[in-house]
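Order of writing sets the chain letters: A, B, C and D. Residues in each chain are counted from 1.
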Amino acid sequence: MSCQLAAGNILYENPLLRWVYDIAGTVAPCWAAYLAAGLAFMLLLVNGVLIGTAILTWAERRILARFANRIGPNRWGPFGLLQPLADLIKLLTKESLTPRSADRIVFNLAPILMLMPALLVVAVVPFARNIALADLSIGVLYVLAISSLTILAIFMAGWASQNRFALFGAARGVAVLISYEVPVVLSLLGVVMLAGSMSLNDIVAAQAVPFFLVQPLAFFVFFTGVSAELNRTPFDVAEGESEIVAGYHTEYSGIKFAIMQAAEFGGTITASAVIVSLFLAGWAGPLAGYLGWLWFLLKLGAVLFVFIWVRATFPRLRTDQIMAFSWKFLLSLALINLVATALEVYFLRGDSRTLTTVDLWVMAGINLALAAVAIGAFGRLNRAQVQRVRPPLPVLAPAGAPAGKAV
Amino acid sequence: MAVRALTGQEVAQRLEAALPDAVERWEPEVVWVHPGQISTACRFLRDDPELDFRFLSSLSAVDFIGHFDLVYHLTSLGRRHTAVVKARLYGRDTPSLPSVYPVWQGADFQEREVWDLMGVRFEGHPNLKRIMLWEGFEGHPLRKDFL
Amino acid sequence: MPFRTEPMTVNIGPQHPSTHGVFRLRVTFDGEVITEVEPVFGYLHRGTEKLAEERNYVQVVTLTDRLDYVSSMTNNQAYCIAVEKLLGVTPPLRAKYLRTLVAELQRIASHLIGVGFFLQELGTFGGTPLMYCFRSRERILDLFEMLCGARITVSYLRPGGVFSDAPADFWPALDAFMQVFPGELAELEQLVLENEILMVRTRGVSPLPLDVAVNCSVSGPVLRASGLAWDWRKEDPYDAYDQVRFEVPVGTNGDNYDRLWVRMQEVHQSLSIVRQCVAQIEPGPVRLDLPLVLRAEAGVEAYGRIESPRGELGFYLVSDGGISPYRCKIRSPSLLNLTVTEHLLVGWKLADMIVSLGSVDINMGEVDR
Amino acid sequence: MYGLQMVRGLLVTLKNLRRKPFTVQYPEERLPQHPRFRGEEFVWYEERCTGCASCAKYCPLGIIKIVTSPSGAALPQGEKYKLEVFDIDISRCMFCGLCVEACPYDALFMGSGFEQSRYSRLGLVIPVKQLREAEKRPSTWFRPQLEGTAYNPHQGQPLDWKQVGRESWRWHQREKAGMRLAPDSEGDEKSPQPPFAKGGLDGSSTGGAP
């Protein structure tokens, strides 16, 4: 017995899934084979993200350490590669505490709810040509909707802990996340307009010119917004380890803490994957038919590196400054980008109803200039506060005497 | 330009002209002030344009068994001179004198410290409680009879 | 429509990542805005003043190491100057130069710690600037180990000089440090000093008016950041400070940025002083021939003060003719700089609170003594 | 402005990414120690020690315990007591080196170790037996005569008691002859510039550790 798939089906397009489907189809009914193929891919994805999380925790610590002139974890395994395993074992064997005054159900539910979005979003990300769990026609919307669920988890964690630092963290986290949803959504509208579709697969396919060139403002806004939503430096006020101890996960320990950390790093990976798909042309590259996954991973690594680099360099902003940055600066940029893109698409597309590569390059030129002007103009708003204060004092050098007179 | 240490005589004469009954006596480097008058004397020392002691460097107490000496090291940042003012308190049970907190807020923690460790009360200090030790600690450790 | 919120009291500390030791602030928040603040300390109280009454004059030097444990040299210096005033002796010239030199190295090390933790509190995770600061500080501590066999609790100074002359290989090592350090300092400044995020976080935040600062007995870089060039090294030169030339950096607004800026500039000036000391130092004895167990006349008292990295550090010693001080009062700049906590913090946000506290650069070892 | 300084900051960190780490892996790699390093495992030369207890009296913490025999009997000055106990409780030691400074006969030296961690505090008391038997690598802290010979305890050979004194072996001859050592009359020609405090016993008899 062999089951046949329709040509438009995602399973048909995806060689990996079709392979599972074909094998399962020989022994089971078609619906079961369909289910098996889907589950197999889900298993792969979930574990892939979790293993990626483990690798990211190691890589982040190593790279942060090297930025700070340290060595980083290097005791277990070659280059300390087994460190995540050691961390995991340590956290698993620790007692999983629930504070007495905490709201038990909400407290224990929060970590699970937190990990969910990170794993769900990855379903629509195309890793290589035709390799994605689902090619939703509303992919971008799905990503935005699911990733905002994190707000709920953060607030649940902070509220249920009955700890004031956690409450601070939760309140800050919610404020920041809600503020940044707006510019992030608006910035993606330009991308959607260019691609003419909300499906991530179509968006990747539409990127004859990577969209970070065509949409520099949107890329800037989205990247910044995503770092804020992920609570990454310089927007990590919800954790703010120097101020509110550990923010919303102050009271978490043991496996619950591990899940929280996994959710955080997993979220970073997923968000980077989305950035790669939306702005860096996803798996596209030379020999994309065979090496698409490699290109995807390389771009993913590059985005993650930038995240880590920024984290190693910048101090944290204050909550109100973060909100002001979102509402006064990023929102304006996103709106400018939206209007400009709409006009450009309208005029450049002409009668053919499609955008050619030349059109994209023209738009890239216009938008880069626009980005420079816009950032410059809005950057002036903060000028008074960031001006150089005064020149350094003169330093007197001794007249010609060599240092280190041996006496 | 080096800071000059005012002699006790200079300070005492200036102080006596304004507050006749404040000064007890003076030594080459020290002015002794009646403990009851310390707050008014210090206010004068701070506000007088020629003395101008707006900066309280240090406030300490010394336990001489028979009496406590309160020592105020004053500095004038504008006129660049220093002076030492002292007040002698007799009695070990409840020695007390007016607080100079209203004059210099810098006396806040130092007076609390003297109360905590020496057991000298400062009348008029808004928040006179123990600073280094916990409330309920018995005795004042820097006294010579504390073991 | 007025939005009613409920005040919330939070204990920041005694165990908190950014309180510079065991220090507690009882803070009442309205939302994230501070409405009341009360510092509570004493967790590190070791009774140094009482202990000093039980030890002879040289033994107290080891106690002073442990006051402000990130600048032991200047603590030693303040104490030794007080004892020398008490005894009426003056150390030899070479000892004075050595003291000035190590005090300035210590000032650099201490300011690096202050700046590094200040940046850490601003939230540079991974501690990158902090590690850069520690990297440079490590070189200074190596020099201290070469000088006196210890890195933190140095006990290098003695009443009447320093315990021993610098070893022969100290001078080339110091020279190597002076070659390397300016580059590292420039790198640090490039990383932080004009960073836009740092500026919006610190400029205009928690300004300290000069009159409040003076009235609250604030001293050191915090006072200078508020706009008064008051530096005991200039005003009452001790040791060899009358032989060297340097500028006193002064801030204008007394905000967090000014306090950071003043510290960074002081590091430059300290480097300059070290260079001048090395150029001027001459061979000679480094320690007076005093007996091991010192005695001052009965009834004598002395107040020795220096400009420590944190401000005016004074030792008020009273002698009763015995071998140990009858009373040893330590005027600690960290404690008195905390007097302005309320002026600094009320009306600012939780995040600013941590940063402002860091900009005052307290050291709990010195606050609690 | 405009985030340009932030870009400069990013370049600084990027530059440091390529640098060699400044930290070292402690048990495998070690930083060089300097000869004056004040460390654990005090070096004590019984041959030079008279049992005068200057070190015990001068210790700010009172952690040196000395029992001599006949304790109590007044010996002529300069005579050597027989030592029964010479224990150093390094669990409370703060390595200030004042005991070394106080020793008039150059019998006690700081050590150069720092790895004496133990599971119990009792294990941190160095008994006289261990002091006698330990390998003697004295620190040059407050011992200018060792510094004059450029001795490095971390590389050089363990030193014999005859090699470490300010007067070298001649002191031993005088000690044998029952003569008291004059504090700094002789043997100082080898020591370099800095004068050090007189190692007189005059004051320390009244100096007490609490």
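Following the convention adopted for this analysis, a residue touches a chain if its C-beta (ideal position, glycine included) is under 8 Å from a C-beta of that chain, and two chains touch if they have at least 3 such contacts.
Just so we're clear, the structure is a prediction, and the values are computed from it rather than from any experiment.
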Interface with more contacting C-beta pairs, comparing A-D to B-C: B-C
Averaged-CA centre spacing for the pair chain D and chain A, given as whole angstrom: 58
Rounded Å distance between chain B and chain D, as computed from the means of their C-alpha atoms: 44
Whole-Å gap between the CA centroids of chain B and chain C: 25
Computed distance of Cα centres, chain B from chain A, in Å: 62
Shared-contact residues (touching 2 or more other chains) in chain A: 65, 67-70, 312-314, 386
Multi-chain contact residues (two or more partners), chain C: 128, 131-132, 135, 191-192, 194-197, 283
Residues of chain B touching at least two other chains: none
All touching chain pairs, where touch follows the definition stated at the start: A-C, A-D, B-C, C-D
Complex interface listing, chain D residues touching chain A: 1-3, 5-6, 9-10, 12-14, 16-17, 19, 21-23, 25
For the chain C and chain A complex, residues of the former touching the latter: 8, 10, 16-18, 32, 119-128, 130-132, 135, 166, 168, 171-172, 174-175, 178-179, 191-192, 194-201, 203-204, 245-247, 249, 252, 257-258, 261, 265, 268-269, 271-272, 275-276, 278-283, 349-354
Chain C to chain D touching residues, read off their complex: 54-56, 58-59, 61-63, 65-66, 128, 131-132, 135, 138, 142, 145-150, 153, 155, 158, 163-165, 167, 187, 190-192, 194-197, 283, 285-287, 289-295, 323
Of chain A, residues touching chain C in the complex: 64-65, 67-70, 164-165, 168, 172, 233-234, 236-237, 240-245, 311-321, 382, 385-386, 388-390, 392-399, 401-407
Residue ranges of chain A touching chain D (in the complex, touch as defined): 63, 65-71, 74, 309-310, 312-314, 375-376, 379, 383, 386-387
